[in-house]
Amino acid sequence: MNYTTNEIMTVAAARRLPDGAVCFVGIGLPSTAANLARLTHAPDALLIYESGPVGAKPDVLPLSIGDGELADTADMVIPTPEIFRYWLQGGRVDVGFLGTAQIDRFANLNTTVIGPYDHPKVRLPGAGGAPEIASNAKEVLIIVKQSARTFVKTLDFVTSAGHLDGGDARERLKIPGKGPVAVITDLCILEPDPVSKELTVVSLHAGVSPEQVRAATGWPVQFAANLVETAAPTERELSTLRALQQRTALAHGTATASE
Amino acid sequence: MSDIVTLREAIAHLVRDGDCVAMEGFTHLIPSAAGHEVIRQGKKDLYLVRMTPDLIYDQLIGMGCASRLRFSWGGNPGVGSLHRLRDAVERGWPQPLALEEHGHADMANAYVAGAANLPFSVLRGYQGSDLPRYNRNIRFLRCPFTDEELAVSPAIRPDVTVIHAQKADRRGNVLLWGILGVQKEAAMAAKRVIVTVEQIVERLDAPPNACILPRAVVSAVCLQPGGAFPSYAHGYYTRDNPFYIAWDDIARERETFLAWMRRHVLETQDFDEFRRVLGETQRKAP
Amino acid sequence: MSDIVTLREAIAHLVRDGDCVAMEGFTHLIPSAAGHEVIRQGKKDLYLVRMTPDLIYDQLIGMGCASRLRFSWGGNPGVGSLHRLRDAVERGWPQPLALEEHGHADMANAYVAGAANLPFSVLRGYQGSDLPRYNRNIRFLRCPFTDEELAVSPAIRPDVTVIHAQKADRRGNVLLWGILGVQKEAAMAAKRVIVTVEQIVERLDAPPNACILPRAVVSAVCLQPGGAFPSYAHGYYTRDNPFYIAWDDIARERETFLAWMRRHVLETQDFDEFRRVLGETQRKAP
Amino acid sequence: MNYTTNEIMTVAAARRLPDGAVCFVGIGLPSTAANLARLTHAPDALLIYESGPVGAKPDVLPLSIGDGELADTADMVIPTPEIFRYWLQGGRVDVGFLGTAQIDRFANLNTTVIGPYDHPKVRLPGAGGAPEIASNAKEVLIIVKQSARTFVKTLDFVTSAGHLDGGDARERLKIPGKGPVAVITDLCILEPDPVSKELTVVSLHAGVSPEQVRAATGWPVQFAANLVETAAPTERELSTLRALQQRTALAHGTATASE
């Protein structure tokens, strides 16, 4: 079965969400992956959106973080402060699912500015919930398209802490969560080295060469000794994802909801 | 105690130049009609606050109503950038916009602290983030019991909070449901509260423990059906996603933005006329 | 993730000697059946927490289950004193009870802080009150922005919170409505949560924005119709006011109290049998 | 029309609640007075009970602070933390209506212990919401039966601040509310002196002599120069109060709900 790089990225990300996990979901790619997981191997994953829905089971993907579909299908809808205070800060979120504009070798994230903060070249939307998801979720999954513009040597701004300067930096700052445990891209899967915490390519998607990954990474990226190929999407994963995206496009009158 | 008045009167009497104004809504129930009326009345030098500034804040900023913004995520949800916000920050047009940037959790906490009449909020967060380096209002203190270090921010106490809701009764009690965002906290934190509503009814007939703002905390209720457009009002109408996409083109260039605002907001009397004119210009568009 | 189990199992597995236990309820939905089961199982040395300790706490204290109490108002609502609480405090019977006394506002805040995983709560209060002189856990700090002095208390983080609710679904999601007190915050603040319910249903059919505890935060759901007696469950049964009045006589003397507890709690298997026996002894009474 | 001392106390207290005021209501006498006000001259008073009801309009008086009748008749029912945080501490309560076990000449209140705290003669129920009502409500009304046991020279314990040691003591501590503005008893009405803040008898109920008040007060109580007689209950006040108490007795199977 043929599939696109976006599809394998989404499928590979979805697979990392354990069934039964409480998952704090960002809009866009994270939301697509989390819902794909829910519709395949993780029917009991509890999806939380920062606008208030807990246990959302959208039939079509939300275009915005506060779509009515999320409220209609949720186990409950609570005020946003409770989401952040009782659920996220409360230590009840197992997995935080994030996207980003820039990422560095220790999976620190920038969603604030390109260029200097006071005279930005590009003013990005900003932190949103990411800094506290990055610190308080028990673990963090990052899903992002890979390019040298995105995977940079030095972030222009650290919005959300990954593994900071590596090693036990998070523990030293007493950050509650474990931080990023995987970065899933359209080319490969990276995981932090157990000791140095530097992102290491552990799995290449079929047909992707190490050179392609190197070219799309702004630092000399490490590859795991036991580098594997990402298992291709199963027919069920692919058909579920495509049906979800088709329903979404039909509902929203757009084909771009998953991007 | 709340009065039921026109939106024009409410904005004229309750929003003052230089005010700290929170027009809240987390993609649901965004007070768009009220935002337009603030622009029509040419309010100046506003200190805008919102977790998720979107189209109406883009419009307020682009029309020169705001000099300062406290926020945590400014974008066109599901679409991309807010071009007028970016133009103000990147190039100071039509005037510079001072940013006070926080994370969502911190903003939500700061509204809660404001509603509770506390001067500051406490957050477990910002460790390793650059945000505290650029926002001097994010500070740290130690827990007097455990000696842990925690982040603190000034409470948000708007002069005026403006929200949109589904229903009010004739006495001015307001009911909202669905995705609530931080609207209740933003209202409870404010000195004055303006609520536009889809409907005014004899009795709210609210379910137990519904989210209600009693008239004691509401300054003005304004009937404005459709007032959340292009956002949605759960139980009334859905989100106009194509308009969010169209806004990207309208707002990208200063000239198209100004022409659009002139034709659709400045030259219309109210939100009902805005909707009529928008319908016409949309039908004429290719 | 919540399991649906018997109350006996839930108390046996989830409540341990020495635990900090909050059995909350603000005159509504008081977890009386669960309180009896804790007494039946002879739990010891509990650190009880509650804003409004009432009859079940009087029973737990009088039966020697508790060594410490954090609270803000301990009485028989609408009737008067809790004689067993008073006996423990005034005369150390059956054992001394260490008191940590706060005001309601402070207790409510401290549950909120616990639910939010903060180590302390902040309160605008206690000025001029003697309470901080006798409770070293009420301290003061200065706002880092305004220099105002504010009171702080340690957050409440129970090992176990026990509440009663109207409904659960088969997956363990819990719905409560009516007067909510601090139950939701007490549950969110706890490591383990036991909920007794009037009814287990296929679907909760909850109204929008209802007060729900999702199964992710509930450790055990126990079906116990009538489990809030003599308190009430909104929509199911009303408060048994005569029982509250009768309790004053039962609990006034140690002997009558012990005899009553033996006959009604220790010698009964569960709350259903308690209700049957109580019916019999009440019929026999003049 | 004949009336009891309890009735004139309740009526006199009710009259002090302005129409439209947001009133934080304690159970017992305060609740009776506040509801009498609502049923007579103050139909738009918004009654708040600490268990959660806002805008309660009970047809029968609650026996407990969390009776179902309060929830059924309220404009809304919110969690207790919101009552204390957003409403009381939020500065939205105009009038706090309190009872007490002991009161001193500056209207400080004791509801904690009689005797030393660590070895009490009588352990009272405790603070409840009183300390924060006393400090955060814009003004405080106290309703309490007068006796030398209750009106004491020195409190065994200051649970809730009245005017502390008098004068501008509250301002010096930056307490937000004005504090007690009137104490209504079964014998008289006392108000703090505008400057010294010492409680002063401003109105005697009909048939009560200054000697009776002195005998029921544990300090040499001051009388206002322009001492007046409390206006007798009107027929409407009395019939409304009696009907309320009759409905209550019928509903609860007890005649003591108003005490």
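So that you can tell them apart, the chains are marked A, B, C and D in the order they are listed, and the count of residues begins at 1 in each.
In this section, a residue touches a chain if its C-beta (ideal position, glycine included) is under 8 Å from a C-beta of that chain, and two chains touch if they have at least 3 such contacts.
These figures come from a predicted structure and were not determined experimentally.
Peer 1: Among the chains, which one keeps its Cα centre farthest from the Cα centre of chain D?
Peer 2: The most remote chain is A.
Peer 1: Let me have the rounded angstrom distance from the C-alpha centre of chain B over to the C-alpha centre of chain C, please.
Peer 2: 40
Peer 1: How far is the middle of chain A from the middle of chain D, if each middle is the mean of its Cα atoms, in Å?
Peer 2: Between these chains, centre-to-centre, one finds 57 Å.
Peer 1: Return the distance between the CA-based centres of chain A and chain B, expressed in whole Å.
Peer 2: 28
Peer 1: Tell me, which residues of chain C touch at least two other chains?
Peer 2: 112, 117-118, 124, 148, 178, 180, 185, 208-211, 234
Peer 1: By the touch rule stated above, which residues of chain A touch at least two different other chains?
Peer 2: 71, 77-78, 85, 89
Peer 1: Draw the chains as dots and join the ones that touch; what shape do you get: line, ring, star, complete or other?
Peer 2: other
Peer 1: By the document's touch rule, what are all the touching chain pairs in this structure?
Peer 2: Result of the pairwise touch check is A-B, A-C, B-C, B-D, C-D.
Peer 1: So in the complex, the part of chain A that touches chain C is made up of which residues?
Peer 2: Counting only chain A, the residues touching chain C are 20, 22, 46, 54-55, 71, 75-78, 85-86, 89-92.
Peer 1: With touch defined as at the start, can you tell me which chain B residues reach chain C in the complex?
Peer 2: Listed in rising order, the residues of chain B that touch chain C are 117-120, 122, 124, 137, 139, 141, 143-146, 148, 150, 152, 154, 177-178, 180, 207-211, 234.
Peer 1: Given the complex with chain A, which residues does chain B contribute to the contact?
Peer 2: 26-28, 51-52, 71-75, 77-78, 81-82, 85-86, 89-90, 101-106, 108-109, 111-112, 123-131, 134, 148-149, 178-182, 184-185, 211, 232, 234, 238-239, 241-242, 244-245
Peer 1: How about chain B: which of its residues touch chain D in the complex?
Peer 2: 1, 112, 115-118, 173, 185, 188, 206, 208-210, 212, 214, 216-217
Peer 1: Using the touch definition up top, name the residues of chain A that touch chain B in the complex.
Peer 2: 27-28, 50-53, 62-68, 70-71, 77-81, 83-85, 88-89, 108, 112, 117-132, 135-136, 157-161, 164, 169-170, 173-176, 252-254, 257
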